[in-house]
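Take a look at this one; I'll ask things after.
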Amino acid sequence: MKKYMSDLIVTANTPLNNQYFLLKLTSKETLPAMLPGQFVEVLIDDCSNVFLRRPLSVHFVDKTSNELWLLVQRIGKGTEKMSTWQAGQLVNVLYPLGNSFSVPEKQSSVLLIGGGVGVAPLLLLGDYLKNKAIVPVFLLGARSKSDLLMLEEFAKYGTVYTTTEDGTYGEKGFVTQHSILQQKFDKIYTCGPTPMMKAVAAYSLKNNISCEASLENTMACGIGVCLCCVQDTTDGHRCVCTDGPVFNIKDLKWQI
Amino acid sequence: MADLTTMLGSLQLKNPVMTASGTFGYGDEFADFIDIAAIGGIIVKGTTLHHREGNAYPRMAETASGMINAVGLQNKGVDYFIEHIYPKTSAIDTAVLVNVSGSTIDDYVATAEKIADLEHIPAIELNISCPNVKQGGMAFGTCAASAYEVVDAVRKVYPKHLMVKLSPNVTDITEIARAAEGAGADSVSLINTLLGMAINANTRKPVLSTVTGGLSGPCVKPIALRMVWQVSRAVSIPVVGLGGIMNATDAIEFFLAGATAIQIGTANFIDPTTTVKVIDGITSYLDANGYKSITDIIGKLEV
Amino acid sequence: MADLTTMLGSLQLKNPVMTASGTFGYGDEFADFIDIAAIGGIIVKGTTLHHREGNAYPRMAETASGMINAVGLQNKGVDYFIEHIYPKTSAIDTAVLVNVSGSTIDDYVATAEKIADLEHIPAIELNISCPNVKQGGMAFGTCAASAYEVVDAVRKVYPKHLMVKLSPNVTDITEIARAAEGAGADSVSLINTLLGMAINANTRKPVLSTVTGGLSGPCVKPIALRMVWQVSRAVSIPVVGLGGIMNATDAIEFFLAGATAIQIGTANFIDPTTTVKVIDGITSYLDANGYKSITDIIGKLEV
Amino acid sequence: MKKYMSDLIVTANTPLNNQYFLLKLTSKETLPAMLPGQFVEVLIDDCSNVFLRRPLSVHFVDKTSNELWLLVQRIGKGTEKMSTWQAGQLVNVLYPLGNSFSVPEKQSSVLLIGGGVGVAPLLLLGDYLKNKAIVPVFLLGARSKSDLLMLEEFAKYGTVYTTTEDGTYGEKGFVTQHSILQQKFDKIYTCGPTPMMKAVAAYSLKNNISCEASLENTMACGIGVCLCCVQDTTDGHRCVCTDGPVFNIKDLKWQI
C-alpha cells in the first residue's frame, strides 16, 4: 500500500477520561484506504524532549467526514503534548503503516479482545468485518469503569462484553476470565498489554483457535529500515512495523 | 542553478547527498515519499559474510535530540544480498554502495571480494566502526594498526572505490584516518555512532538488550563536525561527513568544514523526505550566495 | 525519609548532589534562587596558578540539546581565590571543592599545594580534561601515562581528598581512570566536555573564537552514562558522574550505573534551582521505592 | 538586586509589524523594581530546537497593571516561537538581570539613541528619567517607517526624533547623521546594532560627551557564572550579563 506523509489538521481533540483522549485528524485530500491493524507515525515537533515520531494505531477512519481517529493514552512526554493539541493545528503524519488483521472466513464467529488502549485498532476492525458481513463479539477489558472507552462506538459493530479489574463494570477480573470464553469462536483478534495477549494466546492455543495479536515495540522509523523494532518469530527477527504489527500467534516465539 | 556534481576521487555522484547505512534500508522503502534516484548515493544496510540475526530487542532508546540503537548488523548475508537485493538496487539510477561489516579480517575480505564483482556497485563503505557487535566491528576502527591491517587486506581484493567508515570513539580520529589513507582507502566517511547507554530508572534496567549502543542524531553533530574538520585537514583523500544532519544548513556546515559529500542517517526516520529537501536546500544556498558549484564551498570555512 | 549522606572515600557529603565546575560560579550567584548550603558539594570554577583572561569571544554556541563553550579557564588565579573568594566560600555550610587546572605539571602542583593549606576546602578536583586551553589541560587526560604523571605529582603535595576529572575524548576511559587510581586518586569524576564545533553557515565562520570547544548538556548524557558504567566497573575508588543531568531521573540513572555522587552542570543555566529539585527528587524516588539510603541504589543496575 | 525565577502569565502578545511583537507578562506577586537597561532570561520550553533561555531587555514595567513588557524581534527559532504565545500561557522568566544605565546629573540634557530592536530598553529609561524630572530627547532609527516602533509610548517621556534608512519617515539616513546631533548633549545612552553604537561612541568621544551603551553577547546563564558572555574592556574580559549589559564606552576596547 502506498504510504503518505502529510500535514493533517486537528479537527477535534476530546478527553475521554483523565488518561485517554480521542484525536481526530482530517486531510485536504481524501484519506486513502487504511486497513484494521495498521498504524501511523505522528511527528510531535513542538516538544523539547521528544525526538522521534510516535506510532499510534488507526482507531477509525470516518469516511463521511474524511477523518482519521486516534485513541491515545497519555503516558509520557509525547502523548502529553498531543493531549494539548487544539483544533486547527497541523500535524505531520506518516500513514498507513504496517500490515493488518487478516480477513476471516465468511460466517465464522469472531472474537475481538482488547485491553486498555489496545482496544484502539479493534474499532476499525469492527467496521471492516461489518463490511464483510461478519458480526464480531467484542471483549474489552480495563482496570476500571472509567477506562472502558468508546463502548457505544464498538456496539455499532457487534455485541460488547467487558471486564474490569475492580468490578466497577462488566465482569470482574481479566478478559481471559470472562464467561463468554466458554463459547467457541473460530478466530480471535487481540490487542493490549503483552501479559494479556499472552494469556489470550494461551487460551487460543489450548482451544485450537486461530489467533492474531497486534504487537508493540520500540520504533524509530516505522517503515522497515532501521530494524529497531524486531520481534522474535519462528522465522527469526521480524520487524513489527512492516511484518507486523499483527502476527499470528503461532509464528511468535512467546513462552506461554 | 549551481552544479552539484561531486567527485569522490574517481567516483562520480550526481550530487553530494548520500544516505547513511542502516537508516535507508535498500532504498525502495522510501520510494513512496521521494524519487530515490534523485539522491547522490545510497549506502545500503551493513552487510556481512554470513546471515546475522542481530541483537535481541529492545534495540532502541530515544535520547535528547537523538537515539541509541543496538541493531547489531542484522542482515541476511552477502550472498542473499547478491541474489535477492542487488537485482533491485541495480535498477536504481544512482550510485548504490554496500556497507561491508565483519568480525574478522577474512570476513571483510571475503565479503568485499564478492561485491567487487557486482557491476552496479561502484564502491563499498568499509564499516570498521560498528559499536554493536561483540567481535571486530568498532575494535578495528579504534586502533590505527588494526585499521591499517583491515583496510590493507580489503584493498588488495577490492579494486573499485574503497570508502572507510571511521569510529568517533577514539582519542585521535586523524590517526585512524591517516592509517586508512596509508592502507589505500579512496575516501573516509565519518562519523559512525558514539557509544552510549540508556537506563530506565523505574525498572532499574538498561533500556537496550545489549546495555550499550550507538548514539546518533543531532545531538552528535557538534562532535561529527569537529572530526570532519580535523580529518579533512589531516588527509588528502576526500572526506564524507555525517552525524546529525537534519537539513541543508547542517549539510552546508559539513561542506564548509571540509566534507566533499555528506550522508543523512537518523533524519530519515523523522522525515523520510529529508534527502531531497537537503539537495534542494543546498542548491538554493549556492544560488543565493552566488556559487557556481558545490566544490566552491568545500573546506571554505573562514578560520 | 531516605538518608542521602554520601561518603566519597573519607570525604563526607550531606548528599550526593554537587555542582559542576564552571557552571555554578562560586555559589553565591545562586543564593537568590536556592539555599546553596542544601547542596552536597560545590565545585568552584577552574582555578589556575596565574590569572587567565580566557579565550576571546564569542565563547558559546547553542547546539541540539546542549551547548559548546570555549571559556578557556578564565579566572583570577589561585592567590586571588585564596585572598578574595575563599573567605566567602568558607562561610557556605557545605563542602566547597576547588577545580584545579593547569598547563604544566608544576602549575598543577603549585596550585594544589596552595589549596592544601585551606581549612575549608576538603578536596580538590584535578581537571586534566579541559578542552579549551592550548597547552596541557585535556592533553594530560587523554593519555594514561601523562594522567598518571600529573596525578602522582599532585598526590605527593596534596594530602586531602583528590578527585580527578576525566576527559571523554578518549578511546578507552577506563585506562585513564585506572591510571588515576594507580597514581593515588581518591575518586574520579566524569565526564568533562566533549570536543565539538559549531559553524555559522551564513557567515561561513566558526561560531566560537577558538573554532572548537567543549560540548555539554543532555545531548552528552548517553555517552556520560556509558562511561560512568564502564569506569565504575574498572576501578575501586568512587566515581562521580556528570554530563547532561537535568533532573532527578537523570541523576538516578547515574547512581544505578555506578556513580556514588553526581554533578549538575549546564542544567544550572536552564533552571538555577535544578540542584535542590534533584535532591528532593532523589529523596522522593528512594522513599517511593522503599530504599533507606542512597547507597542502596549505587551500581544497582540490573544487567 | 534580588533575582527571581517565576512563571509569568502572558496577558497580551501583539504583533507590531511583520517582524516585531510586544509581549506583556504579568505576575501574581507585585513585580519587583527593575532598572532601565536590565534584562530578563526567558525559557522557551515548547520548542524542540531551543535549549538555552533567551535574553531580552526590560522594555517597560507597567506598575498599574503589574506588567513586564518585552519588545521582541522575530529573528530565529526561539523568538519565532515566542511570537505564537497566547494570552494565558505561563512563561518561566529569570529577572531582573544585569546592571543598568546610570542616573544622569539633574537638569542635564540627555539623548537616548536607539536602533532597531535596540530601542527596547530606552522606554523604561525614559520613564525612569521622567521620575528624576529629566526630559530626554529620543533619537530612534530604523530601516523603514514600519520598523519604527512604539513612537507614541516614547513621546510620553520626551521629544522623539527619527531616522529611516529609506527616508520613509523622519530624516533619511542613519541616526548618527541626524541634525539633532548638532545640538550639544551632556549624556548619551544608546542601544542598537554594534556598528550603530560604535558610530554613536565615536561621535560622543569626538564631542566629549559621556556615553553609555547597552551591549549584547552570546549568553548561557545570564547570571555571571558561565563566563560565556565576555566583552573586552580596559579591565580585561567582563561579563555582559553582570558587569553589563550597560558599559560606559570609555571602558570598552572598541576600535573606533
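Order of writing sets the chain letters: A, B, C and D. Residues in each chain are counted from 1.
Heads up, the rule we're going with is that a residue touches a chain if its C-beta (ideal position, glycine included) is under 8 Å from a C-beta of that chain, and two chains touch if they have at least 3 such contacts.
Fair warning: this is a prediction, and the values are worked out from it, not measured in the lab.
**Q** Along the graph of touching chains, what's the shortest path length in steps from chain A to chain C?
**A** The least step count works out to 2.
**Q** Spelling it out: a chain qualifies if it touches chain A and also touches chain D; which chains qualify?
**A** Correct list: empty, since no chain touches both.
**Q** With chain centres set to the mean of the C-alpha atoms, which chain is at the far end from chain B?
**A** Measuring from the centre of chain B, the most distant chain centre belongs to D.
**Q** On a C-alpha centroid basis, what's the spacing between chain B and chain C, in Å?
**A** Computed value for the inter-centroid distance: 34 Å.
**Q** Where the CA atoms of chain A average out and where those of chain B average out, how many Å apart are those spots?
**A** 36
**Q** Quick one: report the Å distance separating chain B from chain D, using the average Cα coordinate of each chain.
**A** 47
**Q** Would you give the residues of chain C that are in contact with at least 2 other chains, written as numbers and ranges?
**A** 61, 63-66, 217 - these are the residues of chain C that touch more than one other chain.
**Q** Enumerate the residues of chain D that touch no fewer than two other chains.
**A** Residue numbers touching two or more other chains: 50-51.
**Q** Have a look at which chains touch which and call the overall pattern line, ring, star, complete or other.
**A** Drawn as a graph, the chains make one closed cycle, so a ring.
**Q** Give every touching pair of chains, nothing left out.
**A** A-B, A-D, B-C, C-D
**Q** Quick one: in the complex, what on chain B touches chain A?
**A** 22-25, 29-30, 32-33, 45, 53-54, 56-67, 69, 71, 74, 217, 266, 268-273
**Q** Once bound in the complex, which stretches of chain D touch chain A?
**A** 45-48, 50-51
**Q** Under the touch definition given earlier, write down the residues of chain A that touch chain B in their complex.
**A** Interface residues on the chain A side: 2-5, 43, 49-53, 92, 94, 217-232, 236-237.
**Q** Under the definition above, what is the set of chain C residues touching chain B in their complex?
**A** 61, 63-66, 68, 142-143, 169-171, 194-199, 201, 203-206, 211-212, 215, 217-223, 225-226, 229, 244, 249, 252-253, 256-257, 285, 297, 300-303
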